[in-house]
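Across the two complexes that follow, chain A remains constant while its partner is chain B and subsequently chain C.
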Partner chain A sequence: MRFIFKTDYDQDIRLIKHRGAAFWYAVLGILLLAAPALLSEYFLSQLVFILIYSIVGLGLMLLAGFTGQVSIGHAAFLAVGAYTEAYLQSKGWPFAASLAAAAILSAATGVLVGLPALRTKGMYLAIATLAFGFIIEEVVVRAEGITGGNSGKQVGRIEVAGVLIDSEARFYYLTLILTVGVTLLVLNLMRSPTGRAFVAVRDSEISAQSMGIHLARYKTIAFALSAAIAGIGGAIYAHKLRFLSPEQFTFLQSIELLMMVVIGGLGFVHGAFFGAAFWVVTQQLIVLAKDYLPESIAQQSGLQPTVFGVILIAFVLFEPMGLYGRWLKVRTYLELFPFYRRGMFKRQKSYMKSERLK
Partner chain B sequence: MQVLQIALSGIAQGCIYGLIALGFVLIYKATETVNFAQGELMMVGAFIGLSGATVLGLPFWVSIAATMLAMFLFGMVLERSLLRPLLGQPAFTVAMVTIGFAYLARGLVTMIPAWGTETHTLPVPYKDELLRFGTPDATGQQLVVSMEHIAIIVATAGLCAILYLFFRFTRLGIAMQAASQNQLAAFYMGIPVRRLNALVWGISAGMAACAGILLAPITFIHANMGFIGMKAFPAAVVGGFGSIPGAIAGGLVIGLVESFSGFYLPEGFKDVAAYVVVLLMLAIKPNGLFGDKLRKRV
Partner chain C sequence: MTAPLLQADKLTVRFGGLTAVNNVSFSVQEGEIFTLIGPNGAGKTTTFNLISGLYRPTSGSIVFRGETISAMPPHRIAGKGIARTFQNIELFEHATVLQNLLIGRHTQRSTSLWQELLFTPATRRAELAFRAEVEKVVDFLDLQHYRDSLVAALPYGVRKVVELGRALCMQPKLLLLDEPSSGLNAEETDDMAFWIEDIRTDLGITVIMVEHDMSLVNRVSDRVLALNYGEVLATGKSSEVQSDPAVIEAYLGGVAA
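Let's turn to the complex of A and B:
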């Protein structure tokens, strides 16, 4: 059992809470740094996907997990980031500038989506994001001059400070740097007053409002930041895929992103990583399992949606805190070994509070 | 004449949106959950109707009735198995389950041998029949209405009438209204709220099945036809989420806007018209045409 003896208020907001955590994060860091030497090209590439999805997931986590605003059109921001990057790069912009532009443009679209937030909330806002996602999807198809329309768009290689990112390992390191940067950004944001305001908005809009938090402003900030992070993810995603087409940014992609963060654990920074890793690994497992399944099932394109649908439903029903929540429970069980009680993480049920009271 | 023609096809399409939106609204009113799987329920309903008509060889009308009944039961089972364990959880959790079910249903349908990923046509007795109104005018134009559109409009009107009578005059309907206004109070008055919720899900699923069968002659049946449910969301919002006449009105608005923008605006606008309308609506009048004002008592 570990007791953290707190002697200072700063300990509450310290990023690394105790020595054990420092040790394990160091191990993780070393493993991640050594990954190109340990893994084959293929697995490294999958690891890159995990990192990219983690970035996008972090963006969505900021919005859905921390601010409590569900977005079912997040692929739109991914698309804005990806196409901005692809277009500006083809115009010869340096990577740093085009990445920043992708983030800023995505943030601007995020603000635009957040506008209905001035007057609406909850599911209405979710529907606004859904509508926006569909509109962006159509814009991507129609704006052929910039996006190449349905025939797609090639994306070139990145050059950072004179180094051409031409190998999987270099690309991996670039993605790793971006991921760590975005993670630190989110972690620090959540320690700042803005981040605390987000959580307050999530937990109760009314009490947040009565403590002087301007709801619409903070929701818009959350949308902008979340979109910017998704845009950064989109930019790097564009370079990873090397070819963009509108089918990659559909409504289904938005749903998948949402599923990823819910499975990972809504409301935890770790959740975004757990979700992304789970998603990519499960996809690989399904591909592997196809060899052992009867032909009639294995050849169906619906296999993957079916599996993920079942997984999502199972998580919501049995483990609403997601993978990270399960890990927390296991860890707490081990830490408190003989004293763990079943009810420690019990969900509180409440009578349905209608929002329609007149 | 042309305007009338476009308006008619818009109204027919709008009725479909309205029927699906009605499903959302019924569930939303009763349980305050947003059902993202309404379009998928419609898709499953259409497939069951297809199997009833082709595999079992039932006559068309029997097959419709059987499908609605089957989907009614399916909706109740769905509520019992997926939704009831989540009673009292935040709205987002429940919405996520419906999203998961929608995702699952789309995948699962492709694995069923007779359904698969292909598109199917539902054999309907009124296929390709046209009604002509009036005499051709100077330019030779005449109002031509296909029976498919008429069937949709008539069936929607009929279903609305039945629902109205049900909610207005039957004990069950009034109990449902009570439960949707205040669950706790209804529960204290001895209304079996949970069983009613299951019933509402059943009714919604049955309506979705009806919409699916009506839509089938126009768009064919395939695994992705449920995406049309995503256009019924705008319909429900425009009408005011939580208002039954609003759902139909919203559906008609969306259908008309879509059909006119498809004709008068450049290509591509038709597909996003519904979403533009809903964004405008949310920005200008978030409660919709017939919606209640949202206020929360603290």
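Let's turn to the complex of A and C:
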């Protein structure tokens, strides 16, 4: 059991709270840096997907997990980011500029989608974002001049500061830098007044107002930031896929993103990463399992959504705090070994199961 | 006599056909503890919601420190220095006590979104200053033990204190307490009474409260306003109001003729 002796308020503000955490994050950092040397190209590519989904998941976490505004149209922001990047790059914009433009344009779309959030809540807001997702999908199909419509759009390679990102390893490092950057921004936000205001809006709008929090402003900021982060994810996603077509940004993708953050642990920054990793790994496992399943089941197109659906239901029922919640329990068990009692987390209440998420 | 801190003038609010508050006027002096009493549904909490801006009055006005606040949105009223607690506790359940208290400092926010995203030294300084203020409240209300506890896991009595603390973190000029003793046991109510007195004398905050526990009302209030069916029955010292025939009738029913 670790007891932290606090002598300074700054200790509660620091991102890394104690030496143990510093050690493990250092190990994680070294492993991530060494990944291209350790993993084959295929697995490295999967790791890149985990990072990209983590970025998008962080965006969605900010909105759904921290501000309590559920969006089932997040693939739309991904699409805005991806197509902005693809289009601007084809016009010869440097990567930094087109990435910024992708983020800003996504943020602007986010503000637009946030407008109904000022008046609707919960399920109704979710439906509004869903409708918006369909609109963007349709726009992508129709705006052939920019998006290539149904025939798709090729995306070129990135060049950053004179370095051509032409290998999987380079692409991985670029994604890693972006992921770390976005994560730091989100962590900073969550330890500042704005992040706390988000949590306040999530947990009780009525008392948030009485604390001087301007609901409309903070909901709009949450939508803008969430969309901007998803847009950044989308931009890098475009380069990863090298070919964009509307069916990559459908309603199903939005649902998948939401499932990812719920399974990872709604309301925790870690949850976005856990969810993304779980998603990519499980997807691979399903592909592997297909070889061993009877033909009639393996060939079903709905196999993957079914498996994920079942997993989601299981999480909501048995571990509403998601993988991160499970991890907390395992960690506590190890820290207290052999004194862990059953029922230690009995009194945990999770945001997932609270009546606010209706 | 100086101008009152808060002046409610002919407040009326109607919800459809129901007149919840009808022509209610009162004024609260700086440094006073002013209590609203009345049977259930008398319009006490509605009056609170009018002051804190959650409802708009159908007619009438509320003037706070010389400024009309009855048309302002709630977050601006909070910024003017009016804090409140809620009858059924409205804390941020899935945050720690410390975070809840820090949200109480929100009206003092000085950093911009960009500074916060990058967590610049200015943001860190502002956060440390917030924390120092919050710690004063933690000491005042003896919440040291609960700093890092999640609100959802705390017993009711502690939550009530945390909610009071969160309101105090705003360093308000006027504090609205909606049934501070509801759900508390005798000992906790006693603590609450001490705190309310200290809030007035040590922190210099004017208090308006809604309360049913008459012993608490007698102990701390300077003046009492009795409401029934949204109308003022009597105003004055606690003992005067309690002996007022109209008040007795409202609580106990009329004397058989």
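Just so it is clear, the second predicted complex is superposed on the first by the 337 of 358 C-alpha atoms of A that agree within 3 Å, B and C clash if a C-alpha of one lies under 4 Å from a C-alpha of the other, contacts with A are read in each partner's own complex, and residues count from 1 in each chain.
Going forward, a contact is a pair of C-beta atoms (placed from the backbone, for glycine too) under 8 Å apart; a residue touches a chain by one contact, two chains touch by 3 or more.
Source: prediction; values computed, not measured.
Once the complexes are laid over each other on chain A, chain B and chain C both fit without any clash.
In the superposed model, A:I13 makes contact with chain C only, not with chain B. Here chain B and chain C are compared by how many residues of chain A each touches, and B touches more. Taking the C-alpha centre of chain A as the vertex, the lines to the centres of chain B and chain C open to an angle of 80 degrees, rounded to the nearest 10. When the two structures are aligned on the shared chain, A:I206 is found in touch with chain B and with chain C.
Using the contact criterion defined above for the overlaid structures, shared-chain residue A:G29 touches neither chain B nor chain C, since it reaches no partner. By the touch criterion defined above, A:R191 reaches chain C but does not reach chain B. Of the two partner chains placed around the shared chain by superposition, chain B is the only one that A:P116 touches, whereas chain C remains out of contact.
In the superposed model, A:M259 lies in contact with chain B only, and not with chain C.
In the superposition on chain A, A:G267 makes contact with chain C only, not with chain B.
In this overlay, which is a superposition and not a single complex, chain B and chain C have their closest Cα atoms 7 Å apart.
Judged by the document's definition of touching, chain A residues 206, 347, 349-351, 354, 356 lie at the interface with chain B and also at the interface with chain C. Taken together, the chain B residues at the contact with chain A in this complex read 31-32, 34, 82, 85-89, 91-93, 95-97, 99-111, 113, 116-117, 182-184, 223, 227, 230, 233-234, 237, 241-242, 268, 271-272, 274-276, 278-279, 282-283, 286, 292-298.
Across the complex, chain C is touched by residues 9-10, 12-13, 185, 188-189, 191-197, 199-200, 202-204, 206-215, 221, 267, 347-351, 354, 356 of chain A. Only residues 52-54, 73-76, 78-79, 83-84, 86, 90-95, 98-99, 102-107, 109, 111, 113, 116-119, 123-124, 127-128, 130-132, 135, 150, 152-153, 166, 170 of chain C touch chain A when the two sit together in their complex. Partner chain B is touched in their complex by these residues of chain A: 64, 68, 70, 72, 115-116, 119-124, 126-128, 130-132, 134-135, 138, 141-142, 206, 251, 255, 258-259, 262, 296-297, 300-310, 312-313, 316-317, 320, 347, 349-358.
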